[in-house]
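Two complexes follow with subunit A in common, the first pairing it with subunit B and the second with subunit C.
Coming up: the complex of A and B.
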């Protein structure tokens, strides 16, 4: 059995007394210790697992139970790390940032509290997954679409709170969030926005309410535990038409992005479309060893063979049209004409793709809000593969995209890793999500992955590119890159932390925000 | 990178069960009526699956998206046991999709660079 790891300053007696209280609140069968804690490890950890180990997990069923657990945690000084579906793979999964933190598992809180078809929203508990919500909507025959990330097995609330993204016009998940209920560190429960007005029927309709807009501080943070959240759902459009455009040369990236920008800013491209690298697309259906057995990144000859075998480009743009046919025809005409200016650009619909497993057929599902696990196959690119996400943000600017691409490609190549990425096109920015795939049973690969990741964080920040989200191993480092005016933002975040959570019990270290009691050496 | 390490047979047992030494490939636990799934996108998968199945088990090709299978298994619909020869993401997802307190017991054996033989059993 793994030895018990407790957080600094917590005695075993206090831990056991707190655990007994947790059992009284949620029931014996919902407090987990020992072997059951294997479900709370990061399957893709690139450090020693003990750094992120948990001594217990507790799974409440209601907001009232969460309040009671928090009050006990405050009494004994037990830190809690909140998860919902715990599928934040590539960023740490269900594991806590600080060893010894008890995991607060909200998966049992999986009620769909309301779906309003006329106004297009849902009110959900954190344990509701995309699969749950999709199944509910299908079973009821509702004319609403979700927006799903890929893979689609996570929590709707959890993903929005991490500011994750999807691929329909509703792809900016936190933008589509409206109203939340939060249990604070002192055990009080608060509702934000119009939910703070008793009898309001606009809680899921108007995001901002009155006064300072609080919802944002509960995203990527440790200021409170969200127990309910509203999210807007897209009405089913009259028609839907997905497409793919492939670009044949590596250097096409710059022109593709510059063509994209006005299309996106002017809403000609309606959805959160993506531009995917050759190997990210190829990896859904093939593995590296099928093309190259030597060390280092795959050579150009192998890349050309992959392009021919799968009929894909060095870059592959997946977009979709939504609306009545006349509108879609106009939008498509503008889009096609713009991209046709790039030599070698090829245009496809799903029906024109050769293979049943073609990635466009999969993306056609995700761009209409159908949750799938197909995308997860990319981890098989390297046998026994794990992944960790490096995710810098940039303007939608060709030169800058090219600069980021070359910087990352060359650094990964130096360490023997292939470049697999997606540029997710946001309202005004690119999320450049690079999947660093490594053999998770090879200690040397894990060591190299850890080293190169830290270098890329530093180099990207030196060039002005910050990450939008990161793995628990790098949260401190990334937080420190946001250093404008002597780290004014981090100091502000710590001030809030000390005010809202003086005992420092909520998710210590999340996004590099440490409570005062752990600040010097957590 | 050490090519031998990447091709070594490894055994991993998850889902709370203690690690066990796996018998030779042909004796990986099977049960009458449980087909041996294999991913037909990998030419070697069928060959491994045939060795695993022997003369007693049937083979079942499983190509591309296994989302529906994964959801059904995780929800306890369909078979209580699954055996397969696939890339690792398949048994990983099958196991991960189940509720954390009802994870199936997974026994895994690496066959080559990409393929794993695996056996999943519902424990709840």
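Coming up: the complex of A and C.
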């Protein structure tokens, strides 16, 4: 067990008094301490767990209980780290940024409050997972599709608040969010957008309401605790056709990305499609040691063998068509012709894939919003399962994608790590999500992962690339790379923090935003 | 074969396991059918996506690599003790993340353990 760290500045007596109050609010069995906290560690941490340890977790069941917990936390100065499903793997899991922070665990608040089929939305509590929502929709036979990230056990609310991504046309989750209920640091509860008007029936229909648009400040932040959220759901399309295009050469990346840009900007490619590197695809079914036993990068001969065995390319594009067949035929014609200009490009439907365990067959499920956990397989690429995500953003531009690729590939190779990545294609940009896979049983690998990650954040920023999100170990470093005009944005974020949460109790250090009381140390 | 695997699992876990868990487990009590059914439904909800038979399940896939085809599928294993299941679920194991008591209660975990442990032969006095 990691040693117990109390909230900074609290005596043991104060802390125990606060816990007694929490127990009174949520019930004895929903305040966890001691051995019951083992699962609040980050499973894939690369630093000492004691840096991110929690002395207790509190699991309320209602927004009223959240309000009461927040009031007690204010009174005693107990910091709270909010999680919903707590599956933020690769970015810190359920662990808080600052040791001594009590985890406010909303997993029990898992009610599906409303689903509207005609207008295509759901109103959810934060504990609702993609699996929960999917099963509910299936049981009721509703003609709605979800958009899921690869870990189907994540929270629909938590993922959107992290501005996570999925793979259908609704893949930008925060874009599809509409209306929130938020418990503020003073314990008051607020509704945003049309929800601020008592009789409005458009809370989940119109995002902006009246006046400054508030929802954005509750994402990747520590300004409030979201207790309800609306999310738009896609009506089931008449037909669906997933496909894969493989490209044989490393250097094809540049042309692939340049071909993609107009297709995406003009919405010819309808979904949040992805371009996946050889080893990321290979890692779903194979491990490194099957192809290469020594240290150092996978040699060309092994890469060729993987490509042949799995019938995949150096780069693999997974996309899908949605709609009535004539529409899909037109869109597919344009897409196919554009990619056919790349020598060696090969086109596949799932039926044309020869292996039962083929990755297109699995992506065909995620691209229609069926939640799975299949992608955890690549975490075993080197054995011993460990993974953190490095995710810089770039324009949809071939030269820049190539530049990022080479930078990252070479840095990782220098530290003995393989390059596994997905380029997730957004509306106007690329999320270049690199999965740094290490053996979590090996302290030396963790140390190296930590070191190379820090270097990559710095080098990316020097070239103008910023992370869209990051692991708790790097929240400060990444925040400091968004430094234009003497860190004007971070100062603004701190000003908001001090105004909204003067006691500094909500998720201290989240995304590099520290309340005044911890700022010196941060 | 089974004994080696079992020992290996305990060794893997032993490094972090509180000493009480390392003591020989008491003989498993007879298990009620209702408990098994409840355990099965919790398993389906929380574990099956990674541990069901067939492709696309990272747990099954990795256990096949580590323990061989016969021990790859948790639901048909004869060697899973309640102590091991409890430990792995609360602490995770390599790529498998742990579950918090807010998700799976101690009572629920007990039901899962009984379900997965149902194939275990009745405990014999242990030879060392």
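In the analysis below, the second predicted complex is superposed on the first by the 518 of 522 C-alpha atoms of A that agree within 3 Å, B and C clash if a C-alpha of one lies under 4 Å from a C-alpha of the other, contacts with A are read in each partner's own complex, and residues count from 1 in each chain.
The rule is simple: a contact is a pair of C-beta atoms (placed from the backbone, for glycine too) under 8 Å apart; a residue touches a chain by one contact, two chains touch by 3 or more.
Predicted, not measured: the structure shown is a model, and the values here were computed from it.
**Q** When the two structures are laid over each other on subunit A, do subunit B and subunit C clash or fit?
**A** After superposition on subunit A, which the two structures share, subunit B runs into subunit C.
**Q** For A:54 in the superposed arrangement: first (subunit B), second (subunit C), both or neither?
**A** Neither partner.
**Q** If we overlay the two complexes on their shared chain A, which of subunit B and subunit C does A:87 touch? Say first, second, both or neither.
**A** Both partners, subunit B and subunit C.
**Q** Using the touch definition from the top, say if A:316 reaches subunit B (first), subunit C (second), both or neither.
**A** In the superposition, A:316 contacts neither subunit B nor subunit C.
**Q** If you stack the two complexes on chain A, which partner ends up touching A:101: first (subunit B), second (subunit C), both, or neither?
**A** Once the two structures are laid over each other on A, A:101 reaches no partner at all.
**Q** Looking at A:192, would you say it contacts subunit B, subunit C, both, or neither? Reply first, second, both or neither.
**A** So A:192 meets neither subunit B nor subunit C here.
**Q** Tell me which partner A:295 touches in the superposition: subunit B (first), subunit C (second), both or neither.
**A** First partner only, subunit B.
**Q** Please identify the positions on subunit A that touch both subunit B and subunit C, taking each partner from its own complex.
**A** 29-30, 32, 35-36, 38-40, 43, 57, 59, 86-87, 94, 105, 107, 131, 153, 285, 287, 356-357, 362, 372-374, 376-377, 379-380, 383-385, 441.
**Q** Which of the residues in subunit B come into contact with subunit A in the complex?
**A** Residues of subunit B touching subunit A: 1-3, 5-6, 10, 14-16, 41-42, 63-67, 70-71, 87-89, 92-93, 96-97, 99-101, 103, 110, 112-116.
**Q** Taking the complex as given, what residues does subunit A use to touch subunit C?
**A** 29-30, 32, 35-36, 38-41, 43, 57, 59, 86-87, 89, 93-94, 105, 107-108, 131, 152-153, 285, 287, 356-357, 362, 372-374, 376-377, 379-380, 383-386, 440-441
**Q** Would you mind writing out the residues of subunit C in touch with subunit A in their complex?
**A** Residue positions touching the partner: 18, 45, 49-50, 55-58, 61-62, 65, 90-92, 94-103, 105.
**Q** For subunit A, which residues count as touching subunit B in their complex?
**A** 29-30, 32, 35-36, 38-40, 43, 57, 59, 86-87, 94, 105, 107, 131, 151, 153, 285-287, 289-290, 293, 295, 356-357, 362, 371-374, 376-377, 379-380, 383-385, 416, 439, 441-442, 444-445
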